[in-house]
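One chain, chain A, appears in both complexes that follow, with chain B as partner in the first and chain C in the second.
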Partner chain A sequence: MEEKTKVITKPKVEVILEEEERKRLKEMPLWRVRLYLTWREIRNNWRLFSENKIGLLGLGIIIFYAIMAIAHPILMKWVWDPNIYDPIVGYSYDEVLQPAPPSFRHILGTDPLGRDVLSQLMYSTRSEFALGILAAIITVTIGTTVGAVAAYFGGIIDTLLMRLADLIIMLPFVTILIVLSALFKMNLIILAIVIGILSGFGGTGIVIKSQALTIKVRAYIEAAKVSGGSNWHIIFRHIIPNLMPLSFLYMMFSVTSAIFSEAVLSFFGLLNIRMSWGLMIHTAQTAGYLLNPKTWWLIVPAGLSITLLCSAFYLVGRALDEIVNPRLRKR
Partner chain B sequence: MEQKDGILVQVENLKKYFPITRGIIFQKTIGYVRAVDDVSFFIRRGETFGLVGESGCGKTTVGRTILQLYRPTAGKVYFDGIDLTTLKGEELRRMRRRMQIIFQDPYASLNPRMTVGDIIGEPLEIHGIAKGKEKRERVMELLQIVGLNPYFINRYPHEFSGGQRQRIGVARALAMYPDFIVCDEPISALDVSIQAQIINLLEELQEKFGLTYLFIAHDLAVVRHISDRVAVMYLGKIVELTDRDSLYSNPLHPYTQALLSAVPIPDPVVEERRRRIILKGEIPSPANPPSGCRFHTRCPVVMDICKEVEPEFKDVGGGHWVACHRV
Partner chain C sequence: MLRYVLRRLGQIVITLFVFLTLVYFLLEAQPGDYAQTFLSNPKLTKEQREALKAQFGLDRPLWERYLRYMGSLLKGNLGISFEHYPRSVVSVIAERAPRTILLFLTAQILSFLLGFSAGKVLAWRRGQAFEYVLTIGGVTLYTVFTPWFGLMMIWIFAYILHLFPVGKFVTPTLWRGAPVDANYVFIRILLSAFVASLALFLVLLATRRLNLALRRGLRGAGVLIILAGLLAYWLPSGITRYALDILYHLILPVMTLTLINFAGMMLLTRNSMLETMREDFVMAARAKGLPDGVIRDKHVARNAMLPVITSFIFSIAFVLDGGVITETVFSWPGMGLTLLEAAVAQDIPMVMGGLVFTGTLALLGHLVADMTYAYLDPRIRYT
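Let's turn to the complex of A and B:
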């Protein structure tokens, strides 16, 4: 008897809650409903994401570097003496020999020119983030548009765009960047644009196109056509919003590739940039300290940062992949 | 078939061939799938025209070609006297206000990233009929018409059951108050208990708004219930077309007879005597249809002439059209 009442009462409670929620939604204006539903989606996705320990590790690393990037200007203003700690023109008068090993004053030592390594590392973090995110946004904007357009229109447009993509994939990425940097002065913004174009018209575009092909044949696209929607209406209202999860995922991966390319170019001294992790290794190399284990603080912090931040974005990307592709989920 | 009064949709010698291509850069056409091959019929204003046939026989393609979702290879589609096949761009868009479609799969036919309000209001916005608050009110009214709570307007499709989703699909089709709706197997993906609800809704709306339906289905019992006239398709062709009662009581084409013999009868005495005509073999490929009568490879009463000469689609009296040498 008791069991029976339990069975009956339980769904009732749920229904009441739902009713309450409905009432709450009923009175809200549309933008607040949207906000509420988005928030609920984020909360659900966060629950899935936080189950993935590797993704959390990646996120932790990204947050750590973000704090470093934010902390640098604050430290420069109130804690560090700009004459000594400036990442580009500072000089440590306290040390007799440059590069000086890590000490209390310079936690990661100084470089061959007497500049504080920690300050350089933190200063560069900001530009790495800026580069990575800018390149990712450009990549995904181009990739999503190219993918959606190629998939939707098909025919000659598809053929042209996809053969172009094959061509770009065939070309060696770093070599092109080196050639381009020889032709004109590369700074971070130009680098981000070049990476965005190469990756957007290349690999990212192809992956997004294959996803767009599966969306193109859904019935709601036909419904929009019957309703009189123009091609661009269908692409921007229906196809691209449904590509967004995948695009967002590829944004993470392109951050990784952008930071990596920047490191390579800076290491060769081909980038017109004031300070970056690659440039720090470049400085060590030109002063002849590259393979000297006794001066590890010149190489390890920058090298480790490149590796860590690249893998962190990659790991977050993998974890997001599980949210975007339910088939990859463990349960 | 000559133009008559009270005819809303007239299809004349409609053909739709899909090319089979090969090649990576330069695509070469190596053949055609003859999805619809020379189909003619008309639909009267306010009636429900049933279209039945096996899967793959081209009935969905007929529906979509009428709506110009697929451009026909040949033939004409007249809608209220206007030839749709020659219309383009803005003119076609304007005509599209008057015709709509309801899809088979309610799970794929609603964009998961749009709210119900945006989905139903989309045609209104595209045609610039209503925006903002006005659109919202109209959508709420439409939701009420199809038997849903108007406050569902801010919800997303995944929050609904199959039957509710199909109602949303119906509301979207109704948004422009069209004259003509293609129902592309609107109930095939639903539970039996929900099927009846949707059928009743469609009938109710027909009465209320004077709608004309092209009802595509493979469920003969449902078609019998809802249709005024029925056409039976086989491999891209209409083999028999007549009003509902004479089709079900007096089927003339052997394919129609075989189809109807497969329907169980809810009367044990009659059911006992039901003799099933079991067709041999598979449905042939529409890329390479048989010569002569397309049904001759499976026909239980095949004659020599069937293999060579294509039967004419002719009126045997009282608007009962059939394509068979035996008739």
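Let's turn to the complex of A and C:
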């Protein structure tokens, strides 16, 4: 019963609000109207998002790791002695045997080279975030542009871009990355660019194009064309802004795949980087501690962190999916 | 339909050609060559390295090597592996591929069955605590760091519980006096699994339209006959204990892979189910007063199955992708491990061979997926 009354009364309230709003908005300058509408949309979307407990859990995990990333330089500067706690060149002189089990001084123990595991874990968080977000931005920029251009122009441009996308999604993604990084020197930035290009011209581009096709036939695109808007003006001012929600959603999934790929590659020791979660496991492996449950602190924290951060971004992506894609909503 | 298939086959050949050309030049663009890996080996003189280069044809100009490679590829010859010298790439693939196929096919089929049933229930029980637990568990498994998860499985099941072997695919002591090699057994396991599932499928298809009691009886009898046939083949053959040894080594990797892959299937089924549940025919089925289980299994799940099946076929085509990671962790000497070793050792012909294998498989997978889709959904017709 309660549900029903809610459904009936809700629209009425909104209609009244909208009339009042419209009057107020008319008196404001344009930029304030835009700002206000954006703010209102963010607030509405946050309300939808916060209903989703699973999405909130993901956001919580992301914030937890973000705090870890920020805390590391602070701890290094004021609390931890750089000679002992440096994630790369530190050595813990106070332990007799390396790797040392967790203790009060080293909460997660030390690795076979005498370095503090917690410090390594926190130091790597920063680069994982940087890699994930950089790869996601490249992916989405390319994907959105490719999708919008292919949908808007159609014809030969569409055919070429989509055949290229078909070719890319047929490639085994992880295998290609492994082959590339085995044969070339790769660092985090190059890896982010490669992941961004592969997934932006590939799967993400296809999904965004199918959405762009539905936007292309809307009336306001016709209106923009009639009033003399150039092709690029229409693409960047009318089509791409409307693709933004979907692009943002795919950013989350790209972060997951980027962090995962980096972890796999550095697990195999194929990346040219100083420290990362995958590399921590690789270090344990090369030192011969991989198959030994007794030295769990060498592998479990790093492996768990990769898993948790990947699934956190994925969970947030799924929650956003329910906002962007109304067919999946509960009501 | 036939015209469509032929056109797609033509496209596949072109795509494969473009893909191989791209990969070939990419691999050639890497610094150094195979002979360089011996640079630090003091036993090899400069002359010997030059001789090695000439032997592998690495002293020829790039375009000549490319044309030669493509020419011999047309004849089905993938060249000779540098690392496994003097074996040809084709023979290495023929040796390793059955192992990968057996491992991944088993895991994929299991995860499909599990994931589809779990996804059905998940969509049906929307909003219950059960859904949250299964979704979070599913997403965690779906995005789990595969090497780490494999290690955890080895720790738990092989080290602490001592249930399964740690890695590798055979027990060397058992195989010392074996009359046949491992691949002989592998291929027979694969063949009998294929024949058995084909027979099972035919039995299910033949009894589809019968009434309930008769159907159950016939299906039970069919399963029994298939099992009896398998036993009749394997028991007198004398290699059963070797086959069992392989299967014993197979359990842990299959379990790991199934757990990882089933989550993806489950989440996909759930989304597809939720979309199908809004269709009018579901409401009609409810209005008719059909039992809940019938609506779920016969009306919603059947229609929601399409994207899941497509993704299942795709995932078979991508066995090598997951294979590199899983096979490394379980030291399962299949295609993935071979490809990784070849890439690290700059064994270009082997890397190319692995990519030809996986590329062909992926392209054929796409074609099969499209055709299955058209077969299962009468609304889609290709002309």
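To be clear about the criterion, the second predicted complex is superposed on the first by the 300 of 331 C-alpha atoms of A that agree within 3 Å, B and C clash if a C-alpha of one lies under 4 Å from a C-alpha of the other, contacts with A are read in each partner's own complex, and residues count from 1 in each chain.
Quick note on the criterion: contacts are C-beta pairs under 8 Å (C-beta built on N, C-alpha and C of every residue); 3 or more make two chains touch, one makes a residue touch a chain.
In this text, all values refer to a predicted model and were calculated from it rather than measured experimentally.
Fit or clash for chain B plus chain C once both are placed on chain A?
fit
A:E222 contacts which: chain B (first), chain C (second), both, neither?
After superposing on A, A:E222 lies in contact with chain B but is clear of chain C.
So in the superposed three-chain picture, is A:H233 touching just chain B, just chain C, both, or none of them (first/second/both/neither)?
In the superposition, A:H233 contacts chain B only.
What is the contact status of A:K53 with respect to chain B (first) and chain C (second): first, second, both, or neither?
Once the two structures are laid over each other on A, A:K53 reaches chain C alone.
Thinking of the overlay built on chain A, is A:N242 touched by chain B (first), by chain C (second), by both, or by neither?
After superposing on A, A:N242 lies in contact with chain B but is clear of chain C.
Identify which of chain B and chain C touches the larger number of residues of chain A.
Partner with more touched residues of chain A: C.
If we overlay the two complexes on their shared chain A, which of chain B and chain C does A:P293 touch? Say first, second, both or neither.
A:P293: touches chain C, not chain B.
Would you check which partner chain A:K77 touches, where first means chain B only, second means chain C only, and both and neither mean what they say?
neither
Looking at A:R43, would you say it contacts chain B, chain C, both, or neither? Reply first, second, both or neither.
neither
Compute the least Cα distance separating chain B from chain C in the superposition and give it as a whole number of Å.
Between chain B and chain C, the minimum C-alpha distance equals 7 Å.
Looking at chain A, which of its residues have contacts with both chain B and chain C?
On chain A, the overlap between the chain B and chain C contacts is residues 163.
Residue numbers of chain B touching chain A in their complex, please.
It comes out as residues 25, 64, 67, 69, 93-94, 96-97, 99-101, 103-105, 108-115, 117, 119, 122-123, 126-127, 136, 151, 154-156, 169, 172, 175-176.
How about chain A: which of its residues touch chain B in the complex?
The contact residues of chain A facing chain B are 22, 25-26, 28, 30, 33-34, 37, 159, 163, 218-220, 222-230, 233, 237-238, 241-242, 244.
Please output the residues of chain C touching chain A within their complex, sorted ascending.
Listed in rising order, the residues are 15, 18-19, 26-27, 30-31, 126-127, 132, 135-136, 139-140, 142-149, 151-152, 154-155, 159-160, 166, 271, 274-275, 278, 318, 320-322, 324-325, 328, 336, 339-340, 343-344, 346, 351, 354-355, 358-359, 362-363, 366.
Quick one: which bits of chain A touch chain C in the complex? Just the residue numbers, please.
Listed in rising order, the residues are 53-54, 57, 163, 166-167, 170-175, 178-180, 182-184, 256, 260, 263-264, 267-268, 270, 281, 290-291, 293, 299, 302-304, 306-307, 310-311, 314-315, 318, 327-328, 330.
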